[in-house]
Amino acid sequence: MFETIILLLDATLRVSTPLLLLALAGLFSERSGVVNIALEGKLLAAAFAAAATAFATDSVWLGMLAGMATGVMMSLIHGFASITHRGDQIVSGTAINMLAAGLTITLGRYWFEMGGQTPALSGNQRFQAITLPLAEMLENVPVIGALYSKLLSGHTLLVYLAFAMVPLSWWILQRTRFGLRLRAVGENPHSVDTAGISVTWLRYRALIIAGILAGIAGAYLSTGHAAGFVPNMSAGKGFIALAALIFGKWRPVPVMLGCLLFGFLDALAVRLQGVELPVVGEVPVQAIEVLPYVLTVLLLAGFIGKAVGPKAVGQPYVKSR
Amino acid sequence: MNNNKLPAWINVLLLPLLNLLMAFAVSALVFIAVDVNPVEAASLMIQGALGYQEGVGYTLYYATNFIFTGLAVAVAFSAGLFNIGGEGQAYIGGLGTGLMCLALDASMPFWVIFPVSMLGGMLFGALWALIPAYLQAYRGSHVVITTIMFNFIASSLMVYLMVNVLKPDGEMSAVSRLIGENARLPMMDEILGWFGIAFDPSPLNFSFFIALAALVMVWLLLWHTRWGYAIRALGANPTAASYGGINPKRLTVIVMLISGGLAGLLGMNEVAGYSHQLRLDFVAGYGFTGIAVALIGRGHPIGILFASLLFGVLFQGGNELSFEYPNVDREMVEVVQALVVLFSGALSLMLVKPVEKIYLAITAAKADKLKAQEA
Amino acid sequence: MSQARPQSPLALELRGIEKRFGDVHANRDINLQVPAGTIHGIIGENGAGKSTLMNIIYGFYEADSGEILVEGQRQTITSSREAIAAGIGMVHQHFMLVDNFTVLENVILGAEEGGLLAGSLRKARKELTRLAEEYQLDVPLDATIEELPVGLQQRVEILKALYRGAKVLILDEPTGVLTPQETDHLFRILDALRQQGVTILLITHKLREILAVTDNVSVMRQGAMVGHVKTADTDKEALAELMVGRKVRLKVEKGPAKPGEVLMSTRDLTYTDDRGVDMLKSVNIDIRAGEVVGIAGVSGNGQSELMEALAGILVPSKGEIRIGSHHITPEAPSDPKSVRAMKVGHVPEDRLAMGLVKSFSAEESAILGFHEQAQYNGPVLSKPKAIEAKCRALMEEWDVRPPNPKLRSSLFSGGNQQKLIIAREVDQNPDVLMIGQPTRGVDIGAIEYIHKRIIDMRDQGKGVLLVSVELDEILALSDRIVVMFDGNIVGEVPADKANERILGMMMANVIPDELKAGETL
Amino acid sequence: ADFKPAVAYDTAGKHDKSFNQAVYENGVIAFNKDKGVKVFEYVPSNDTQREQGLERMARRGYSPIVVVGFNYAASLEKVAKKYPETDFVIIDSVVDLPNVKSLVFAEHEGSFLVGALAAMKSETQKVGFIGGMDIPLIRKFACGYEQGVKHVSGDAEVFQNMTGSTPAAFADPVRGAELAKSQFSRGADIVFAAAGGTGNGVYQAAKDEGKFAIGVDSNQNHLHPGTMLTSMVKRVGFTTYKVFEEYQAGNFSAGIQANGLADGGIEWALDEYNRDLISAEDEAQLNAIAKKIIAGEIVVHDYMADNSCKY
């Protein structure tokens, strides 16, 4: 039993990682006042770019760079429409999601002629699992050994990076000048503007950070977790991340907990497919799959706590008022 | 989007057309990038979509879907609500239509099943919009987020129902049984046949007329009834609307129900009209295309009709293209669609200022000339 | 009009400032000289262009042309950053604070030193403690803005400017939201700042305040500067005349009122807003047939909430409203539609936010609230001809220009929008007409016409409830005047006993001696 | 009808390294190379496009039209009725119409063989099965595999997981990898994936963890030499090729054609990539079992016969 739980949690960490990176991406952009329903598209595009580049250059690092660059590019399109030209943030986000879904397959098919997939990646083209120091030595220590060497050790670098991003994001938001301004611009952009700070540039920077994080998430998906890109491999993760962002009320640590919860549900759902449980019988996997969405709706409805986003989120900034 | 300094024809026709042109220009670059000659592709698409009867049939069949989902988005939008859940509402609406057909086809004649399945579709679609609507109106959660969530919930629910409930024993794909002949809508070739007009068979069916009727009804509703007045007032100025005795909460719910009901009509075309069975994913993104359609059509039924035709051409032409070019697939059309949403929706304000400048410069030059002539 | 060159050095000088917003010429060839260490008042009617000018000085808007000189140096100020660097600070009409930040965070926003906050916060805390002592500007530094009353929020804004080393401080209508005591405190602060050599630009509508604290006054009208005077050399009447370009003191011809039965009344009416603040506290008021009841008060003391509660827009949290035979209580609340059905007309205070829908055509705005009436509707479809005919008739009767029912509501001027709204409400022949700020931003001809129609309503035996920030208007039209302060009714004065002094005292929650005798209370 | 061959793949596309790819490489490409006849190909991008694609091919006079996968059954039934002059071939499903040939395979027999091999090779005596979409066809693989394992080693444990209940379950390598990892962590050292594209994730996970995997449909041994123990080859490509050949010669017949071990429609793959992994005695034992199955001495239960796995 203990073993099973450890393994489930182990899978949870792997599955939560892209959610976490994405949710933090969403956190930066939404705290700056830009709704980010484009996370899904950014993830997908970055995953494709990372896998394609890793394959072409035989370097997972170049792949990740390409993923980040793609995430940033998507963010810049997002910003160009919704910051510079004050377009609707939801509409531009939807456009980016569609663009990513179409373009990845179109280009993938053209380049690799494999129905939109990239070739399978191996060796240097992928992030390999890292064994933490002492993991092998501690393996047989009861409880702690399993926790350390089975659960914490043996993930790819990006998993650790994603979790390290949580305190870092918190620190940036709460302890730095940039963070203060970022939070302010999402609450009351007029206050930022009258303080002589450019609302536009601040929001662009937030979106660029979001692009970088979404890019890493994409790289993780196609070169860390999986070994190559398959069409639509984002499979709604962008929206689950959005749900986790709301669930965590736009704060890094609760957002992480949200991602872990949703990741856990996913890991659980995978393992429960077609399995008869004692007492309850076979739980429809769909019922577990929808839990993140249902929980988020309940939260939004104020039935479990209350989620109130940054005040200025979703509104293009116009000077006069 | 409207600019007071520009005459209506620029606002309503020229600017949307320019936005569309930009989207097409960028799309052409993508075509070139994958070694497809965009001019050739365009002509092939138009030929495939409009060049022969069956192609026209397919184009209008797709357009039927877009009219439903486009209207759904537009009606909600005129009340200031961004219903991004057309996808889920259409899915559940189609379920409603399908269930009615499956339940009644053994015992009832067409003239009973037809209205019941149509109402069933609208009702199910409306119900799927009800919870997000209620939460927006009474609990302050944002309809954009909740409808996104409800799209996913719909999709999981449908998988469950299709796999565990509706799939006949021994069937491997997750599809329901076929509905009886008496539950199917007449195909267009049959209908035209009654009038002695020959038309090649295509998926185009009676739903097209339902869609046209929906366009007229929505137009009447929004611009020629007191309820439409209330809806538009709510969208344009909620404070003034509530001052004017309009209950914003109740109206929000009602508008979302109408919107969901319109999306739910998609089932008439897909289930009762074309595939004659419930299948997984029959909505196939039409709900999202509805956003693009409503944006280009500027929320007006006439605009939506033209935008739906445009997307019908893109979809059918795109299929044709994927048949001819190994490099091209339906995703190519999705790219075009994305660019249209980007330029016509998110970047719709980009060209206003430049166009205004040019227009004012031209009128000023004209005025100068007139003055010079007078002098 | 030119300004005599003052003796002391200039802190700020403007030369030929021009600004247009599309068709609106908000600032026309503005010249202004502000001597250092003085308080300079700027007055003008709503929409005269005061805020626009201040925003240009603060770099928030960029002037189309013109020059700004700070301490004799020409400065290019194209952003707030440059204005701040030039030593200009501004307290906006609407505060520019982040509600869920602490005072300290708000103060350092944009003035942080280095990439990390800790140092800036420490330094700011020290500096603010010093400033607070020096200028009596105490604020709890670690409280969040949303916890603070407006008066304190304003101090935060002032602190923000001082922290940035402002030598020129602009205050845009700082007293509109303040109680008289808070206003007094503010003026003491301003005085202290002046002593320290800070130059202050003060925008206000209140002539009394101008006379009380400023050294010089400039007057704006329709985007232009129409006068610069030394405060010591002028008086209220002269300023008012400059402001509106005519002799003030409206005379409204009216006979004595013949009050009849009570048409609308409230008993212990209490309204608590979303934040849990009681905006109305046990208000009792009666409106009788054939009288005009005026409500005076500093804006924000519950007048708006009273009207909206009576109109059914706000649901009272305690007490009762009676309209004719109807009783409206928190348990049996009403709504705007039902209140209209009880023959109550309502002209809201803010015509653009509430009175009409800007994107609607005039004819559509002209039926707002009555769009469900049988005269405009068939069984299903509406009757466009009937709607157009009604709008045309109203436009003709009230001289709304241009008389085009198809024109978008936003394309009419403020006065014409207002006429259309009042016409709509009066046309329904209500028993009670509630009317807020009837002549805000309306030209003289229209003011006179509107005033005449209000008196006509009264003389036809209707009850009129009038809310206005213009004491002149209240005094000219009302038969009884009720004064509100902090959600309470301070007292009531018959029109023939009222004057500005009495009302002014009551608006500050002071009962004048002559009323204490108790004849009306 | 004239010989104008066409193939409609499933949505996974012709490069799924598995089922569709087998048709593509061993059917379409090989036929083209050998006979110089170009085969028209079509890949729908979603379920709703199947019907439109079939209709269009029929209208353009293609015949025979080979449709790959049971997902086509519903669409084919409609289109084949509409175009009685056109001949169709469906793989993996039965459509009972006079112009449709249904190719079905004895997957249970092949699965039995690879199950037996897994049991011989497993050190932990725990082996895994990962299916794609949870449907009777995939259960058929699972059931045969389980029987094969038990045949060799009655005590061995077989873990079974399905990836999902929609066609997407055949194209989800990430989930496949997760499932494989969970089975490895429970002690399995060999997994057999009957999951289309999802299998790629399974094989990758096996390689990452240093375990064995068994491929399916195509010969997938080359994907990860040293990791791929063998592949349960369903020779759909070869069979497609044969159908084309027959059609060209003018002897096409509708009806059900079953392919199994006996006729070479099903086999287990042994090539240079897994030669080193299979000992001579294992090979001999496996071939012996195969012979017994062909001879009917071992009866492998077909799950789809009674929708249960009781043997």
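Letters A, B, C and D mark the chains in the order given here, with residues in each chain numbered from 1 onward.
Criterion: a residue touches a chain if its C-beta (ideal position, glycine included) is under 8 Å from a C-beta of that chain, and two chains touch if they have at least 3 such contacts.
Just so you know, these numbers come straight off a predicted model, no measurement behind them.
Number of steps on the shortest path from subunit A to subunit C, with steps defined by chain touch: 1. Each chain's centre was taken as the mean of its CA atoms, and the one lying most distant from subunit B is C. Between subunit B and subunit D, the centres computed from C-alpha atoms are 40 Å apart. If each chain is reduced to the centroid of its CA atoms, subunit A and subunit D end up 35 Å from each other. If you average the Cα atoms of subunit B and of subunit C, the two centres end up 46 Å apart.
Averaged C-alpha coordinates put the centre of subunit C at 78 Å from the centre of subunit D. Within subunit B, contacts with two or more other chains are made by residues 159, 329, 331.
Listed for subunit D are residues 43, 45, 134, 165, each touching two or more other chains.
Per the contact rule defined earlier, chains pair up in contact as A-B, A-C, A-D, B-C, B-D.
Every residue of subunit C that touches subunit B in the complex is listed here, in rising order: 22, 311, 313, 335-337, 340, 346, 348, 353-360, 364, 367-369, 371-372, 376-377, 380-382, 384, 408, 410-411. Against subunit B, in their complex, subunit D makes its touches with residues 41-43, 45-49, 51-53, 56, 59, 70-71, 73-74, 78, 82, 93, 134-137, 165-167, 307. Those residues of subunit A that touch subunit D in the complex are listed here as 3-4, 7, 10-11, 14-15, 105, 113-117, 120, 122, 129, 221, 225-228, 230-231, 233, 235, 267, 270-271, 273-275, 285-286. On the subunit B side of its complex with subunit A, the touching residues are 30, 33-35, 82, 84, 131-132, 135, 139-142, 144-146, 148-150, 152-153, 156-157, 159-160, 164, 288, 291, 295, 327-329, 331-339, 341-342, 345-350.
Across the complex, subunit B meets subunit C through its residues 2, 4-5, 220, 224-226, 229-230, 232-233, 236-237, 239-247.
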